[in-house]
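Multiple structures are listed underneath, in structure tokens.
You will see two complexes here that share chain A, one where it goes with chain B and one where it goes with chain C.
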Partner chain A sequence: MRESRLWFWHILSAIVIVFLLGAHMGTMHMNTILNSLGLGSADPVDSVEVFRRSASPVFLVAYIVLLGSALFHGLYGLRSMLFELSLSKSVEKTIGGLCAFAGFALFGYGTYVAIVVYRMHGVQP
Partner chain B sequence: MKNRLNNRLGLGGWLGGGRYGVDRYAYAFHRLTGLGILAYFIMHIFVTGMRVGGQEEWERTMAFFNAPVFKAGEFLVFLAFIFHAVNGIRLVIVELACGIGRPHVPAYPYTNSTMRQRPFVVAVMILAALLMITGGVDFYFMLN
Partner chain C sequence: MSDSKAAPTVVFEVLRFHPEKDKAPYLQQYSVPVTRGMTVLEGLTWIKEHIDSTLVWRSSCRMGICGSCGMFINGVPRLACNNQISHLHSDRISVKPLPNFEIIRDLVPDLESLFDRHRSVKPYLIRKDSHEQHHPVGEYFQSHQELINYIQFAYCIKCGLCLAACPTAATSDKFIGPQSLTQAWRYTIDSRDEGAGERAEQLYSSHGVYRCHFAGTCSQVCPKGVDPALAIQLAKKEAFVRAFGIRKQRRAARVAPPVENWVRNRDIPAPPTPTIEKSRA
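Entry: the complex of A and B
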């Protein structure tokens, strides 16, 4: 029951990631094409542009949702792959614990960064 | 857990396509790209964390990662993401029992779900290739 619930969240997080990371990848790596269609910004990694986006509440929420979804999806996927190697119960428990710890620690750090940068209210061009 | 089968093939069982062909290789590649994306994502969290140091720190970090080797690595991550995302959407659709045909009484010539899904797999690979080419053009051939 617990595993099927985790699997459900794995699929749900994948759907969230496809939308949010798809938008991120499009903005960051297809910006020239999007620009020519009048949809992108000039240089997405330019510091003024980065800090302007980071000061937006929409970006803050999207960033935290994407961070949580991607960490859960990735670490649950890694855990599932390792569990297929027919490990002992104690090793499985240790791997599960390490994945959960890494997930919470990275989520905490990423959220802290997002909130600190959000409160900077951008930078002067 | 007691009656779970042992994975006696180990890594070979993960990577070998066997008689399942392209679907099985897509499965193995999905895992490989997933691991690559996860490794990059963890590094990415720390790199974007440099924003905490302010504008100058961020510009210094971006100048460091502007080297061609990092640009090539970034493009590899982009390719991995495209494959993983497009193939992942296919897997979710199949997981929800869509696109695999309705159950029916077996009649000669027999079909199997792998063959019924094959056109879907091919379509997904074509879509992934188109997105990869578009991204590649943006990465290397279009000037900002």
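Entry: the complex of A and C
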């Protein structure tokens, strides 16, 4: 039932991505609407504003969860597409291993960057 | 169809291929006079009887039960016997062998891959008590509702149309396919079955239900209304339910005890003595 668990996480990550990308769209591209509600910032792409957001624990968690969800969803989807090419079992295992390695490596690197920026406490380098 | 009322004709464009003679398949055209209610299969029979006796296809029952005459007719996998020419609304009928299968000759697909897939999902009742399975002593209890749960999926005639229409099967030889996944599901939800665990290995493998794109073409082309896409979605749902232990596993149906003190209805005649015993005597 390993494939069942992977598929379940694939679906769950899709739902998470929808919500977090929605939050991203709201924060970055619909700031005028949020401003009218008193929730947005003047210029969301301004570097001061970017660092201020990155220093927030809520955004730190959101970044890491979005990173993990997007990586898992994308890499599982890539693996599924490649599995439909009637490959041999050994090639399938190699693809699975490479996807897992790429996923963990990118997740580790992305998490490291998010934590480093968080620890700057909103101060630009 | 031709406008001429005297002799309405359609052009059959048939894919021909003889593996021992031809390097590649080619199209051959035949003009066929159409009568009212004439099916594509009858059109092919007319060609064989009047024009070209070398044309080859597979058919048997002529009434949509045996599943032998599956063909790719006007770009859609259909049974040649239950599709009338007039219902195709065209004066050109393209007839090719089913896609996603090797061609044996002309319109005859090699269904071996379908049967291999079918065999792989153990499409039969499995009981934990192997003695009881191999030496059954009676019938199993089954309610009307338990029968309704799977009966739709039991209508499959193994014609291969769903596999021919499946976009995943078109690229992946390893995909178990809508027909076999549906049959795996049909036996898994049968109240008499205890083989869900054995079948799950195939059903939920990396080439099982999760490779279905849910295009739904399998359900569209099924001539018996089996709806393989539904079976695959239900199997996915079951995997979720099982993974989280939301529902307890059901107990398999018991064997009904032998009926005692029974009296034969006098209106029903006794069966004849088995002929094999007669000859031995």
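Quick note on the criterion: the second predicted complex is superposed on the first by the 115 of 125 C-alpha atoms of A that agree within 3 Å, B and C clash if a C-alpha of one lies under 4 Å from a C-alpha of the other, contacts with A are read in each partner's own complex, and residues count from 1 in each chain.
Methods note: contacts are C-beta pairs under 8 Å (C-beta built on N, C-alpha and C of every residue); 3 or more make two chains touch, one makes a residue touch a chain.
This is a predicted model, so every value here is computed, not measured.
Asker: With the two complexes superposed on chain A, say which partner A:Val116 touches: chain B (first), chain C (second), both, or neither.
Answerer: Touch status of A:Val116: first partner only.
Asker: Thinking of the overlay built on chain A, is A:Glu84 touched by chain B (first), by chain C (second), by both, or by neither?
Answerer: A:Glu84 contacts both chain B and chain C.
Asker: Have a look at where A:Leu106 lands relative to chain B and chain C in the superposition and call it first, second, both or neither.
Answerer: A:Leu106 sits against chain B, while chain C stays out of touch.
Asker: Applying the touch criterion given at the start, work out whether A:His29 contacts chain B, chain C, both or neither, answering first, second, both or neither.
Answerer: First partner only.
Asker: So, does A:Arg5 touch the first partner chain B, the second partner chain C, both, or neither?
Answerer: second
Asker: Which one hits more chain A residues, chain B or chain C?
Answerer: It is B that touches the greater number of chain A residues.
Asker: Please report the chain A residues shared by its interface with chain B and its interface with chain C.
Answerer: 84-86
Asker: Give the list of chain B residues in touch with chain A in this complex.
Answerer: The contact residues of chain B facing chain A are 1, 4, 6-7, 10, 14, 31, 34-35, 37-38, 41-42, 45, 48-49, 51-52, 54-55, 58-59, 62, 74, 78, 81-82, 85, 88-89, 92, 95, 134-135, 137-139, 142-144.
Asker: Tell me, which parts of chain C touch chain A in their complex?
Answerer: 168, 171-175, 200, 204-208, 210-211, 236, 239-240, 242-243
Asker: Provide the residue numbers of chain A that touch chain C in the complex, in ascending order.
Answerer: 1, 3-8, 80, 83-86, 92
Asker: Quick check: in the complex, which residue numbers of chain A touch chain B?
Answerer: Residues of chain A touching chain B: 11, 14-15, 17-18, 21-22, 25, 29-33, 35, 42-43, 45, 47-48, 50-51, 54, 67, 70-71, 74-75, 77-78, 81, 84-86, 89, 106, 109-110, 113, 116-117, 120, 123.
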